[in-house]
Amino acid sequence: MFLQVINYASNTSAGAECIDPDCSWVEHWVHRAGPRKEIYYEPEEVKAAIVTCGGLCPGLNDVIRQIVFTLEIYGVKNIVGIQFGYRGFFEKGLKEMPAMELHFGFNLQLSRDVVENINLAGGSFLGVSRGGAKTSEIVDSIQARRIDMLFVIGGNGSHAGANAIHEECRKRKLKVSVVAVPKTIDNDILFMDKTFGFDTAVEEAQRAINSAYIEARSAYHGVGLVKLMGRSTGFIAMHASLSSGQIDVCLIPEVSFTLDGEHGVLSHLEHLLETKGFCVVCVAEGAGQDLLQKSNATDASGNVILSDFGVHMQQKIKKHFKDIGVLADVKYIDPTYMVRACRANASDAILCTVLGQNAVHGAFAGFSGITSGICNTHYAFLPITEVITTPKHVNPNSRMWHRCLTSTGQPDFH
Amino acid sequence: MFLQVINYASNTSAGAECIDPDCSWVEHWVHRAGPRKEIYYEPEEVKAAIVTCGGLCPGLNDVIRQIVFTLEIYGVKNIVGIQFGYRGFFEKGLKEMPAMELHFGFNLQLSRDVVENINLAGGSFLGVSRGGAKTSEIVDSIQARRIDMLFVIGGNGSHAGANAIHEECRKRKLKVSVVAVPKTIDNDILFMDKTFGFDTAVEEAQRAINSAYIEARSAYHGVGLVKLMGRSTGFIAMHASLSSGQIDVCLIPEVSFTLDGEHGVLSHLEHLLETKGFCVVCVAEGAGQDLLQKSNATDASGNVILSDFGVHMQQKIKKHFKDIGVLADVKYIDPTYMVRACRANASDAILCTVLGQNAVHGAFAGFSGITSGICNTHYAFLPITEVITTPKHVNPNSRMWHRCLTSTGQPDFH
Amino acid sequence: MFLQVINYASNTSAGAECIDPDCSWVEHWVHRAGPRKEIYYEPEEVKAAIVTCGGLCPGLNDVIRQIVFTLEIYGVKNIVGIQFGYRGFFEKGLKEMPAMELHFGFNLQLSRDVVENINLAGGSFLGVSRGGAKTSEIVDSIQARRIDMLFVIGGNGSHAGANAIHEECRKRKLKVSVVAVPKTIDNDILFMDKTFGFDTAVEEAQRAINSAYIEARSAYHGVGLVKLMGRSTGFIAMHASLSSGQIDVCLIPEVSFTLDGEHGVLSHLEHLLETKGFCVVCVAEGAGQDLLQKSNATDASGNVILSDFGVHMQQKIKKHFKDIGVLADVKYIDPTYMVRACRANASDAILCTVLGQNAVHGAFAGFSGITSGICNTHYAFLPITEVITTPKHVNPNSRMWHRCLTSTGQPDFH
Amino acid sequence: MFLQVINYASNTSAGAECIDPDCSWVEHWVHRAGPRKEIYYEPEEVKAAIVTCGGLCPGLNDVIRQIVFTLEIYGVKNIVGIQFGYRGFFEKGLKEMPAMELHFGFNLQLSRDVVENINLAGGSFLGVSRGGAKTSEIVDSIQARRIDMLFVIGGNGSHAGANAIHEECRKRKLKVSVVAVPKTIDNDILFMDKTFGFDTAVEEAQRAINSAYIEARSAYHGVGLVKLMGRSTGFIAMHASLSSGQIDVCLIPEVSFTLDGEHGVLSHLEHLLETKGFCVVCVAEGAGQDLLQKSNATDASGNVILSDFGVHMQQKIKKHFKDIGVLADVKYIDPTYMVRACRANASDAILCTVLGQNAVHGAFAGFSGITSGICNTHYAFLPITEVITTPKHVNPNSRMWHRCLTSTGQPDFH
């Protein structure tokens, strides 16, 4: 699967390419990541820029830090940070100003001294923002500032943006390497074993789950409900449920379920309250979207549209137990921001270190339009176009999901 | 202030009393807590019961554990736990059943072995519940089970309940000691320097505040908003703001403010976004109740009543910045359950230890209708009737509030 | 490598075997772990025993808990815990006594209720001890107690012991499944991607490293020195150094080095103090054993033999800087017990869950003499004999070690 | 006790004084801390310096940060940090260099931007060092650099140094305010309710104690031994033992004990191993100094002098149980550096905030030779001379020590 031949010469729109036409990229579209014998740039003349896009994710600062360290090891002197995502390229007042302190407190000229300890705090030292993919303006800015390498740390949308920048640079014959590092706390990037921040998120989610468990167990007919991240995928919910060992029901986007009826979730919760006295439920934010649409469709009273399955679930549970006249003490926890804003744990710190180092190796090798990941246990460069086609999903037939079901003891909700 | 004479003989309804009429309680209504030379009960014949009422608070298990330990040191053999608050006294299926495992997993016969490590987890080992103050039924149950000492760990309402039980026992001439330990994470008990769980809550709130700070600082025009506990008092919000050093605006129930207008909170947030680029706001749940009532009164569209100032504030901020056409990226964090469900920190663990030991000393001294607290740096017994008259409040003229204002740099919002 | 054919029939002493002669074990010596369609035992009649051996490791309680859960799912009613390692089989006073509380506070009859929350604390609920491999007495005890399945959670030595028990059972024609789960915080088991506890250890080691960093950086010419676990392997030291990003020198058993001389470690530390003002060193306990032997050999004063490279290194650094007249403020941290006694983190909790489930699946499939591991990303059963032949080592030519060198910036010390 | 009259005019050597002769200091030697209506300096012309001395203590950065914040609120523009304690005043290469980065990475010119987040890490941002009290050279440097206010954060020795500087300034007729903030993790400053860092230390010590407990309980005849800070006082050991609830024996400098003999500690440990199966011991580093001297005196084999009671105790326990032929598995934990290097917890963060603010208020009021503390629940200024006469001790007759004894259940060891 990883050996599909792409022909750089004949298929320039097929994604990643090597600025150097002799590069072996033309033969394989996945390359083992790491340093190359020959480098494409003269380090002392390189101007490199780093930008972080989208929402927060544990490890952003680790990746920034490692890119700076590795650039310096190559000998690069001119490294700048772009503030607040792509917005920093074109928005007035956010332009890169070397050796100056913005009123936001950021010194945009980056060096080892500046980034030495940024990994000790969560968030993004450079600031993030969503959207703003005005490709043409961004490339104007890249050209004006004579940037040679652009490192984009971001999710699916930002990868698409990075690829558009890469292509626009090609079109304009600019020798700019655009190298991405996938940032998605949801772990939903195709071909990637794991994305940074995921492990930390699962770890930090334990805190919320344990609180829900304590609240539920300490209450008479307590129901703990925890909503975790995962718009289209249930990796965080599944792993967090499995590692906690305290979850009775785990609901994810990939596995459909009914709430009502004899075999629905609510009926199972009744059973748990009767037999066990309490229960704890974990839902991915993107679970049960079909149910949300239905409920909106049938809702004639003009209520606000529910955009959040966690809140919906909370209301459904409360209503159900009220309707059947059984006491249920529901406690809802949404730890999203507290999970996102964490610093990376040790395992993610290593992943970020390697991904950051490899991103720089890739740029110096002359690659552009690539992203740095771990793929089938090997660190690799992949063409951006390939990884953004579709998100990775939990396979409902996988052993991991079955282990999760064994751990929760939940039945099939149909 | 602490030396008001109460005459036990002539005023039997005035609160705490000593079952032994020779007790010095008749002269002072605050007694130094601690062991007494003479004890009123024969330990080997005592049956003691423990009940936890209301919401969760860090340290509940520490107090339960220490009451059991101290009772055993006195020589008490028969200690039972009442499940799920007062409800456990009268509800079918929750009755105390020595030496049996309920299906809730609790072994209600308590001993050192059973409670040895319960302090390592948050919550209440015995379960809690709200309400259920059917005094007469409870005392029937006490009488039927031949309980000699009842330890009630609960808040204001549960203290009132405990006092009613105490008075009903007096009326029925039952020699039952009813001794309370105040449980309020809000730290709002009159005469008490500090209640258990408060210190832990302030500590744990740092996590939420820091997340809000990281989210706000990493976003373009980020606004972090954290709601902390405090229905009628702002102690947690004030202390958490002061200790974090990351809060720009702290709003508490004791200090009124306006949101709109030139000197309102929203105008100040505008100023912060302009000058600093981001801001972090901390509100007590009971802050701005006058504003909530007003907004409800003027709301003609039939929207759901806002019972929660945090959510209200979030909506107001979003609406305000939308109205004035300024981008504001609002992140709202409500860490309530994650704070409540924590285990006690070291400082609270010591407080719980001493309060629990003293509760037992008080019962053995023959006191009833009292509560065990720390008052002007001294551990003391106080009559329940005195501490429940009114909650303790943050004094807006106190140095501590002024220090908080200095730390946040916030102006007067009027 | 994983497909070597072993012939069960002709080579019964070659390690793992299947009690059921039709089992496919005869063809491959590595089997995909997981449940089997046919089970070899009648669950209701099975008596299963669990024993934990050796030193502490994060996750022991998670594995015990999961074995109990999975046995109960199969329908096993009779599960006993063996106390304090193999010692519990033969030592007076430690024998298994179902439905009884020992004075150690352990109820040896295990069930979901008993083990439900044991994973929330570190250590081993059953107790551990070293040594005691009196195979014959152990099998006598197994026979006397009619144990059908024995789960051994332990390191290399305990695996050897488990294999000896397995062989003795074969010799005596006992239908006993002996299934092991490898416990080594050092991550040094051959063929295994990762052993449980390792990830937690690396995480927890960050605390010690950060303390050393803070101490070193805050001192004038501060030298922070941290000793981490790893008798024969440097996995913990390497991963902890890499993830912390705060280590200047990492020394492991697999890579030899000199302390003295122009290119020695001490000379490099001098350089760091001069240029950077402070430095932080991380050593695996088994590093530099050749240096220790030498120093012992030349030590004529009869001093106690140094068994610990951390302490040796501390003394060498102090002496060196004293000798050259340069101030060096050395702070030595040995966090071993604090790391070992931790509870498992989320990632290890999942690993323990799967390993524990698989151990039970293996036993029910009729295997014996096997161990449950993760091997090339797949969960597998391996014959004990194969994994204990030699420990796994850090490959000094691996990318991971090179990444560690890049991160520390340390030269070759020769 | 706090109202002793001191006559500034007639007794200039009696310690703290007010540079402004009209100050009320002449009447009382303890002053309520806080801002004054009239200030003695013109803020815009003030040059203030901050120095941290001695060992690390949680909260150092909080105090530095708050002094800077408060100075800026007064309007001070010129704030410098002195590096590595008093040594920074006279040592070549460490001199204060405004607006320059030293190779140590410190920007000595301090402002809100520089110190904004230093409280998020432990240690001292300015660096610490011991000794170096060359009063005359220091005052030369103060004079040469035109420093008007010197803030000294340090322990007993550094307070004595600060007082000597204060007196030398007086002698030279320099209008310099020398204001100290007591830094002692041991909480042993006379008249002070609590010193910063102590609460954090007790909290962090729980980690070590819990590890010792887990190790001891999981081992056959396990003995956990934890050494905590406290050269001359047992406050940390006492509070940590009490809050953990896991300690069987707590030994502190203020209470003598015997190790050997029928009523000695070792005999009690035997009893615990027999009855309970394991035990956990907590010792203050300064405990049993009389025993150390004795053992040295009688030691004829020329062994190295034991300077550390923890190590001594470990050896004694091992030897004792070996001598009597009873197995004892001793695990010794010394968490000193990991406790010291922590960041301040919430409670200490508030204390540091107030102490730092008050130190600045004191300097602006024209006081010198004072220290900023909390005394009988009130924040106060005290003359340095008074607080350094003798350390504060645990009172062996106090309720707190008795509560500790109740909690451990230990007998009198004589």
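By letter and in written order, the chains are A, B, C and D; residue numbering begins at 1 in each of them.
Keep this in mind: contacts are C-beta pairs under 8 Å (C-beta built on N, C-alpha and C of every residue); 3 or more make two chains touch, one makes a residue touch a chain.
In UniProt terms the chains read A, B, C, D = Phosphofructokinase domain-containing protein.
Every value quoted in this text rests on a predicted model; they were computed, and no experiment measured them.
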Winner on C-beta contact pairs when B-D is weighed against B-C: B-D
Per Cα centroids, the chain farthest from chain B: C
Cα-centroid distance, chain B relative to chain C, in whole angstrom: 44
Chain B and chain D, separation of their C-alpha mean positions in angstrom: 33
Shared interface positions of chain B, touching two or more other chains: 105, 121
Residue numbers on chain A that touch chain C, as the complex places them: 34, 62, 65, 70, 73, 119, 199, 202-203, 205-206, 239-240, 242-245, 345-347, 349-350, 353-354, 357, 377, 379, 399, 403, 406-407
Contact set on chain B toward chain A in their complex: 56, 84-85, 87, 94, 103-105, 121-124, 127-129, 207-208, 210-212, 214-215, 217-220, 275-277, 329, 331, 333-335, 337-338, 340-342
Residues of chain C that touch chain B when the two form their complex: 101, 105, 113, 116-117, 120-121
